[in-house]
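All chains are identified by letter, namely A, B, C and D, in their written order; residue positions are counted from 1 within each chain.
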Amino acid sequence: MNEKLRKIKAVVMKYPILVFLTAAVLVALFFTPNFFTVFNLKNLLLQSTDLLILSCGLTLVQLNAGIDFSITSVLSLGSVLGAYLMARTPLAANPLLGICAAVLMMAGTGVVFGIINGAAVTRLKMPSFIVTLVMQMIGSGAAVLFVNSIAAEATLSATIAGLPPAFGVLGGLGNWFFVPVLIAAAVFLFSDWLLTKTRFGRNVYAVGTNARTAEVSGIPVKKTIFLLFVLCGLYAGISSILATARNQSGIPTLGDKMFLNIIGAVIIGGTSVLGGSGGVRQTLLGVIFMSLMTNVMNLMNVTWYIILLVQGILIFVVAMMDYVMKRQSAYQEN
Amino acid sequence: MSDVILKLNDICKSFFSVEVLHHVNLELRQGEILGLVGENGAGKSTLMNILGGIFPMSAGSIEFLGEPYEPASPKYATEKGIAFIHQELNLFTNLSVAENMFIDNFPTGFLGRIDKKKIRAKSQEYIDKYDLNVRASAKMGNLPMGSRQMVEIAKALMKNAKVIIFDEPTTSLSNREKEKLFKAIRELKENGVSIIYISHILEDVLLLCDRISVLRDGKVVHTDKRERYDRAGLIRDMVGRELTQVYPSVEKEIHDKVLEVKDLNCAGFVKGVSFCLREGEVLGLFGLMGAGRTQILRAVFGLDPKESGEVRVFGEEVKKPSPGECIHRGMAFITENRREEGLLMPRPVSTNLLMVKNEELAGSMGVVDTKEEAELCRKMVKTLDIKTARPDQQAANSLSGGNQQKVVMGKWLLKEPKIFLVDEPTHGVDVGAKYEIYRLILNMAKEGSAILVVSSEMQELMGICDRILVLSNGRLTGEVRKEDYSQERIMKFAL
Amino acid sequence: MTEACEGSVGKRILQYLMRYGMYLIFLLLMIYFSVSNPNFLTFNNLILILQQASPHGIAVIGIIFVLTVGGIDISIGRNMFLASTLVGVMTVNVSKNFLDSTAALAACLGIAVAVGIVFGLLNGIIITKFRMVPFITTLAVGSVMRGLGLTISNTRQFNITFMSPLASGRIFNIPYVLIIFAVLLVVSNYILRSTTFGRHLMAIGNDPENAKKIGINVDRDTILVYVICAVLAALGGILSAGQIGTIAATFGEGNEFIAISAAVVGGASLFGGKATILPGAVVGILLITLITNGMAMVNASPYAYTIVRGAIIFLAVMLDSINYKGVLR
Amino acid sequence: AGCAGQKENETAPAAASESTETEDNGQDQSKTATDVEKDNGDMTIGVSICSLFSPYYVGTYNGITATAEQMGVELVTLMADDDINKQNEQMRNLISQKVDAIICIPLDGTSIAVTVQEAMDAGIPVIMCDRAIEGAKAAKSVVADTYQMGKDIIQWFVDDVKEEDKITEPYQALLLLGSLGDSATVKLSTGFKEVIAEHPDIIEIVGEVPTEWNQETALKGMQNWLQSNPEINMIIVPSDLLIPSVQSALQQVNRWHRIGEEGHVVILSSDGDSAGMQVLKDGYSEVDGAFDAVDCGVQSVIHAVKILNGEEEADDGQIVYGATLATYKNVEETGPSIWSWDDVE
């Protein structure tokens, strides 16, 4: 067989989702004239940025057989805290300072959540499912409480507006669309480097596959897991910055509906919920899949509840393809 | 003793286009014990797995009791009367001993209710029969490996099967348990049950079996009566070359103390144990099943908590031992439980081999050197003769049992530890590879490492150790020097 | 691999505390609420808590089965929605006389079982035969179910007050739903603990490969588990909707997380092989329901609800975990 | 923008809405779609709607679709599933599709501002429907003033009580809350609370129940409160979506009685959907404040088309709807003017 063809085949075997992505682009090409417009592509990229960052974070945690539900509440809580700093405190007078403070605040929120999650899982030995679910409840509860108590008087709005226009740069508003895209790309590349090139990455996979073996082999299991939660929290904080900037307001419900999308992207990409296999490259494809799917269907004017139906079915198709491909590749399982 | 009850014709088996069994023919007669030997990865377990309905065969046919036998599932095999003791223990750690023993055949009463009294009573009966010293209601996960293995055996013996397959049943058993097992096997034979017995302990095979088949590279090379075989002959058939020496002899010197353990106590399983280990020394630790040997190693290595006692490494006390800390100080530990603690089963061989060494290979910013990794991995695969086509792709769980053990060994050898704690190092490894492992261990000692070996095979300890400590019920009961070695002497302390 | 070190008396007391931490928290909460509001510790209120807990509790039983084999089902909430939507659609298409008869209630039961079987089978077959991960399978099936439900209902609301006698009715002041829940508890607990099927599920959850090797029909049992879960979820959904009296387009969203967290609070492991119905499932769902009830009793700020609920669950699970010896999860 | 602070219609239960900046009038039923019907064949209007889960929004959306069909306008609808972020995304998706105009029914008036501005900048006029925009300029806004409605509803009840002179001690009220992160809800509850605070002798809020617009949560919350505070005799409901839960909760404790019957619990509600109107008509609730959900949609389309045809300026003009209060006293007259009346039995 032709060498090039073989190579392509190998890649497709590894990432069967590529077949689907090609198909989706073709569909878009023929049925939606507005797909290949600069505006739409920009739009698509922009919309995928937070999903990518959040999914990278979740991928990291999931590689260790953990889960982090709290990222969506970091998004919300970070958003209102940051927006409050920029719009409702004396910092509002100095936009640049305000933005810096807000950015630190939002990233810090994520890190704090990560630390709490990580400590609870490694020190108190609680299951991450419960810890992070609880942190999600507390975080989103706190976000709403914050807006309705401390930040309430000014207007009757449930969101915090009046952010400095310059902040929009971080969300890609105006001609700055490449800013969030670059940030997301940096997060992605960093995560990939971490997982594939470093000792830490090796440890992550070892711990995720079998924590007992890892421990016996002297890998710092607790430290690894802890760091992953912190990183995941930090990513959530970063994505809170981007999303808040893009919406130009602090929204206490910002992350509420996002979780299924995030975990969907991670899993459909191919990172196992049981840990040990997958990676951010796979997740990137998952993210593209999720974003593309909605975008194309929106452009095709599919009724919203039919979108749900089709989404479900498409996920099957992709997973089925995965199954067929994997069955052919050697040494998987029998 | 003459009629053939099981006949395997031209069995072939491939895993993903790699053929591991080539036209195997085998016959099993009524009431005989057939020994099956062969190098690691020769295909013994695979053949038996086909018989037990776990893998489908690629080609060939089987006849059982004169009828065609098509093992589509393990259930089919059980129903036809073929029981199977797997090389890898097949127990459920979250269930009780009694439940494990009856898991595939619960006696049920009204409304499908499991008769718990009955299974407890019946399993207790078998436990007592083999002097297992566990309660039928104990949780499997809390038992030491040896007891688990005995439970697995008892479970198969309970089944009234016509054919019982033993795949390496004695890897964690000491002589006493082994003798009980052999007695049971002979009893079965008297009752007309046919047995296939797979083992790398050739003495056992020669002692127990009526006929012996030798498998090499997926082919039966020879089958003959036991009387016609001797150890050397078996090895010749298995390996294809002579192997006169069983234990390598290496000249070495013993120097200073490197590891000192004083008055170690652990949760009632280890009581007041003190010993020391010197540079260049190979120290054996013998004891019967559950004597607490493993527990000592685990406590020293910081895997299980110790209640009291002192551990000094190179003269320095390790206050709070943890595996990371111990490795940092130059220690290594080979676990007896490779499946749960030794390997990353679904990960490739190379990953497994390199997981300890990683720490050192990483340069600035923790970036690892992939070239060097590949080179090291290649060398180790070669040294230990690990049978794998592509070490960077083949998952550890698709290796044969012995090769898995070699991987566990290899990952620590790469690290070149100064103090090496090994628990059942040759667990399921064939004679050729055993020799290689002994040689490596002794060479390490020569280079100045200190090695503490736990093994249930007394021969092995006597072959390589400078000194043997004997443990009974968690207490050190004796120390035997090389010049005083004798089976009786050691056993006397162990009882 | 080892049992806990037996230490000093103080240590042992601490251990006891940890082992029964969940119950202790339960008790403390009960005491606190009783002292704060005399209406808490009344027969009516306690029955109310049980009644509220029942429909979700039924779903929790289902998820316990799935967790036992190491699976997960996040289509529960959407299953609840689809099943009750079908009940709602039925009300539009049949005569009023029929709705007033008990036959209507039987029909609801039929719908629950049918939806459960169809989608449970779908989940189970895809997971076992196509080796798809349970999470993504049930996510996708959930999407399909919701899309289907919305397509059928066209996002309308349906009035299903005919369910009230069953969903909210009582006999000797004991709610029917509670009786249904209790019966299901006893039966399922029996199945899980005392039958071959139940023990096999535990084995599958511990090690599916091993289970296959000793001849357990892993695929069949797994499929069955998803069917059980789906049937119970559908039933719980219908009863829950019946308590409200209408079925709206948002019904059921997010209920899977209530069910799963109740199961985990009750000690179930997401990695399989460790779950109990009595007391696990019951303790979990009761704790969650109790907190919400108690919050009203002590007149808590509505903004504090999620925060307090989170904190208490955290505490309960923390006490339960602190002495945990296994692998971090 | 100027939603708050119009107190003219305090005592007018059936007050018509008034326009603030343009002469167009929301209740001006004479000017319906048929008047402007012409060939709008190649016109595509994008609809971004925050949710279709409550009958109220379904009503609005029905108004939009019916009018669009009548006028021959093509619609592209995206539903945001109660997610602000998603709604902003969908607004951008609509912009990429180059629709001619957008009708936006936002989840929140402030946080939608950024994409509304983007659309306007891209030359796509945006008609805000139901909720006003804050922080950007839309082409037109057809909005409901929930804050005012909240005040009106309570005020009406206070007046009614005074008129009937039936107060002995303050009503013990349970206030249901919608989604706590939703501006319209916050405004509505603020309206409720402000007037209640002025009349402590008449209404006293015992407790607040968070519902997250979930009927199940609402039901359980109410059941709990009715147990903990049996003296509760009034329930204030932010949306008729929750009426079934109210009914169910009250039935459970045998307190579902008609007005005038012993043990009746006062129900003050809003939205005017069929469930709410039904219980009003049947005499279980005293008042239901309703905007004309359907007409809101109808007017949005009409304005969109007019702007596109150049008949009207895109000047950020506002048409503010006031609420129609249907009460137990006037339900026979006002009922038929409520948008959902056709579905009431």
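Here are a few things to note about the model shown:
Keep in mind that, in the parts below, a contact is a pair of C-beta atoms (placed from the backbone, for glycine too) under 8 Å apart; a residue touches a chain by one contact, two chains touch by 3 or more.
It should be emphasised that the depicted structure is a prediction, and the values quoted were computed from it without experimental measurement.
Farthest from chain C in terms of Cα centroid separation is B.
Annotation: 45 Å between the Cα-based centres of chain A and chain B.
Each chain gets one centre point, the mean of its Cα atoms, and the points for chain A and chain C are 29 Å apart. In terms of their C-alpha centroids, the spacing between chain B and chain D amounts to 74 Å. Residues of chain A in contact with at least two other chains: 144, 148, 212. Residues of chain C in contact with at least two other chains: 155, 303, 305. Residue positions of chain D with contacts to 2 or more other chains are 52, 180. Interchain contacts give a graph that is no line, ring or star and is not complete, per the touch definition above. Under the contact rule stated at the top, the pairs of chains that touch are A-B, A-C, A-D, B-C, C-D.
On the chain C side of its complex with chain A, the touching residues are 72, 126, 130-133, 135-137, 139-148, 150-151, 155, 257, 260-261, 264-265, 269-271, 303-307, 309-311, 313-314, 317-318, 321-322, 324, 327-329. Taken together, the chain A residues at the contact with chain D in this complex read 34, 37, 39-40, 43, 46-47, 143-144, 147-148, 155-162, 168, 173, 243, 246-249, 251-254, 256-258, 295, 298-299, 301, 303-304.
Interface residues of chain B, counted against chain C in their complex, comprise 52-54, 73-75, 77-78, 86, 90-95, 99, 103-104, 106, 108, 111-114, 116, 141-142, 267-269, 295, 304-305, 307, 337.
The part of chain C that touches chain B in the complex is made up of residues 1-3, 5-6, 190, 194-197, 199-200, 202-203, 205-207, 210-217, 273-274. Chain C makes touch with chain D in their complex at residues 37, 39-40, 42, 44-45, 48, 52, 155-157, 159, 164, 168, 240, 243-246, 248-251, 253, 289, 292-293, 295-297, 299, 301-303, 305.
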